[in-house]
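Heads up, the next two complexes both have chain A, just with different partners, chain B and then chain C.
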Partner chain A sequence: MERTLPTLIFACMAILLIGLSLIVVTARSVFRGAVALTAALGVVAALFALLGADFVAASQLLIYVGGIMIIMLFVIMLSQRPLDHLDRQTNEQWVWGAFFALAISCALIMQFRAVYRGVFVTTVATPTTASIGRLLLGDMVVPFEAVSLVLLAALVGAVYFGLDGKDRT
Partner chain B sequence: MTLSLHHFLMLSAIIFGIGVYGALTRRNVLGILMSIELMFNAATINIVAFNHFLYPDKVWGQGVVIFVMTLAAAEAVVGLSLVLAIYRNIKSVYTEKLNLLHG
Partner chain C sequence: MLELGPLLSRAFQALQSWVILHGVPPLAAWILAKAIQVGVLVLLVSLVPMVLVYAERKVAGFMQARLGPMNVGPYGIFQTLADGVKLIFKEDIIPVGSDRLMHIMAPMVVVSPVFVCFAPVPFGKGLIPIDLDISVLFIFAISGISTIGVLMAGWGSGNKFSMLGGLRGAAQLVSYEIPRVLSVVPVLMVYGTLSLKSIAMGQVGLWHGFLPKWFIFYPFIGQLAFVIFLIASVAETNRTPFDIPEAESELVAGFHTEFSGLKFALLFLAEYAYVFLSSAMAVALFFGGGDGFTLGGWIPSWFWFLGKTFAIVFLFLWFRWTFPRLRVDQLMQFCWKFLLPWSIVNVGLTGLMILLRK
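Moving on, here comes the complex of A and B:
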């Protein structure tokens, strides 16, 4: 029982995630696609929890679902015109696009099946928040500081592009 | 049947392929951004799965995923403000209208 339950949860999550991702890339209305993407990111957070990464699952919910997707929904509402959802949403290259996507997926799947089949884990997952904190302020402190500079640059850039043309000096 | 590493890797490969399809075929710039977010998430599932199955007593992979998330947030903020600036200038978010530099 304790072996089949995670497998069952994983199967449900996988089906849900694939279906939601297909909605994201094929939905005619971009707003509907964004709502499906929000749900898909929540499912990814559940997969992280299944993999024993509790802190990463919580950050995924906070940053992606609570932050990025809210901004994205706002921008979609600010930049759509009323009859946009009647237009075709894919370009003429969808056959080649599907071919390349299928080729990349099949190559990756075959490689993964060949190399990583039957790698199991025996240890029980423990809470990771304390060790992630020690890692970020210990061994990873240089990228930790560098990423704060990147965030500052992104903030300044967003304000700069958000200004009207005449205010920009 | 017990969960193995290749189940997670295969799921993330499928999600990555769907994201590639969306990024190649969407006409809307916002749709392309959303497909790129899908690809980011496929990569992070991969990293967390490798961490969990191959090095269960370390958390380096999860630390890397935190950085990926932060950079994705920065990318989304800059990209979306660019989309708004483009929309203000040419009143469209479709990629075939963005041909100002086409000559």
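Moving on, here comes the complex of A and C:
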């Protein structure tokens, strides 16, 4: 691997991401785990930016950190209290779980090493927004609209289940 | 003449080449240069809230037929400095029943995105820290991180009032983010770019010789977009009439009840810096950035930009003493049933206008 500044940044980000992910699954307080997940998603956005995908990085932050995680933290705050008795996140089978997780990740790493030679880290940021827009409203317009329909159905369903019993028809 | 941008960049290049000449490796010199630039930006952004706090107290005083702070320095201009020193020396209290880590981290999470958000703001000709291609999206994305800090502050304080304040804050910030982003979409459609610098550059010039080509002067869509952006920005910065997350008559002080000393100062710094950021964005998006229509040649662009920004900051301060606070349900209804539909209508109208122009 080349010893350049982007590679160094990538290594730091990768270590940070692994550490944060470990906190997510081991933290005793659910709220702390969720905050660590938020930070991990932010680091993923940084990795996207390092790969030159500026639009995807910003969307990742906007949607995951600024939207989904806030709703998640909101729900945790509504359902828990800071001084609740904190349970362990693991049971006595954690050794086997860790073994299988390690085995699967080793297999994945070996497979990916065969496919990708070297890390594609770029410092030259070429704007990607225009080409993404052209793709979404050009060649890919039908799948794009289909996905929107799925989201619309989910919204309507949420409103329906949120109604009182007597309002449902 | 008085343009700071070219002057600063020339001075910077001279400094950098001088350092390289004296045996510093180019990469180290580059990192050092970036560090100095970041330092200047962070310092300036930290100074802005001091000015705004003084302005707020003076404006509040004048609107209530008082004088405001008068004792520290001439006309009380050193009042904020004295307050800052006082806040630094105050005791830092962490409540017993709190989540310590969250309580300590919350002010940092709230305040650090602010400095990053100022990176793509075009303060004038050549005075743009980084010209990002996605700057508008970047600012919206990064400023969303502060909401996590508000939630952490509400949770970490370990009392009901803070928790309620944090919950209200999260609900409000998530809801008003949507019309705020949608209100900017017409601007992006007309200028065809996400870069604040290019948007500001696209608004230079005059219509019929007297009307500046600013986006606010586009018939109907310009004004509608600006009004929605302004209302949503006031809500995003938790200011009256949308200050229910920290409503002092109901929640003591909401999510920052349990913070004291420097942490409290940091939370306030973030709030005022966001007011300034929203105003700066409004200037770049709707008021032509550093464009000074007829007097353009005489007054430098950074002066125009700051002048317009402070004019919009004054609107924020004015609102505070004009409107009473909304109720929680009114707040949500206003967002979802008024702002959101009208911002979508505005996007449609803009599309129609672009179609008719062709």
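FYI, the second predicted complex is superposed on the first by the 139 of 169 C-alpha atoms of A that agree within 3 Å, B and C clash if a C-alpha of one lies under 4 Å from a C-alpha of the other, contacts with A are read in each partner's own complex, and residues count from 1 in each chain.
Everything that follows uses one rule, which is that a contact is a pair of C-beta atoms (placed from the backbone, for glycine too) under 8 Å apart; a residue touches a chain by one contact, two chains touch by 3 or more.
Quick caveat: nothing in here was measured; it's all calculated off a predicted structure.
Visitor: Have a look at chain B and chain C on chain A after the superposition and call it: clash or fit.
Guide: Result for chain B and chain C: fit.
Visitor: Is A:55 contacted by the first partner chain B, the second partner chain C, both or neither?
Guide: In the superposition, A:55 contacts both chain B and chain C.
Visitor: With both complexes overlaid on chain A, does A:5 touch chain B (first), chain C (second), both or neither?
Guide: After superposition on chain A, A:5 lies in contact with chain C alone.
Visitor: Looking at the overlay, what does A:127 touch: chain B (first), chain C (second), both, or neither?
Guide: Touch status of A:127: second partner only.
Visitor: Which holds for A:66: it touches chain B only (first), chain C only (second), both, or neither?
Guide: Touch status of A:66: second partner only.
Visitor: Is A:78 contacted by the first partner chain B, the second partner chain C, both or neither?
Guide: In the superposition, A:78 contacts both chain B and chain C.
Visitor: Between chain B and chain C, whom does A:137 touch in the aligned arrangement: first, second, both, or neither?
Guide: A:137: touches no partner chain.
Visitor: Where does A:32 make contact in the superposed view: on chain B (first), on chain C (second), on both, or on neither?
Guide: Only chain C is touched by A:32; chain B is not.
Visitor: Which holds for A:42: it touches chain B only (first), chain C only (second), both, or neither?
Guide: second
Visitor: May I ask you to name which of chain B and chain C touches more residues of chain A?
Guide: For chain A, the partner with the higher number of touched residues is B.
Visitor: Minimum C-alpha distance between chain B and chain C after superposition, to be given in whole Å.
Guide: 13
Visitor: What residues on chain A does chain C touch that chain B touches too?
Guide: Shared contact residues on chain A (touching chain B in one complex, chain C in the other): 55, 59, 67, 71, 78, 125.
Visitor: Flag every residue of chain C that touches chain A in the complex, lowest number first.
Guide: Chain C residues touching chain A: 27, 97-99, 101-102, 132-134, 137-138, 140-142, 144-145, 147-148, 151-152, 154-156, 158, 163, 166-167, 170-171, 173-174, 177, 194.
Visitor: So in the complex, which bits of chain A are touching chain B?
Guide: 3-4, 6-7, 10, 14, 17-18, 21-22, 24-25, 30, 33-34, 37, 40-41, 44, 47-48, 51-53, 55-56, 59-60, 63-64, 67-68, 71-72, 75-76, 78-80, 87-91, 93-94, 96-98, 100-102, 104-105, 108-109, 112-113, 115-121, 123, 125, 128, 131-132, 135-136, 140, 143, 147, 150-151, 153-155, 157-159, 161-162, 164
Visitor: Under the definition above, what is the set of chain B residues touching chain A in their complex?
Guide: The contact residues of chain B facing chain A are 1-11, 13-22, 24-28, 30-31, 33-35, 37-38, 41, 44-45, 48-49, 51-54, 56-57, 59-60, 62-63, 65-67, 69-78, 80-85, 87-88, 93, 95-96.
Visitor: In their complex, what parts of chain A are in touch with chain C?
Guide: 5, 29, 31-32, 35, 38, 42, 45, 54-55, 58-59, 61-62, 65-67, 69-71, 73-74, 77-78, 82-83, 125, 127, 129
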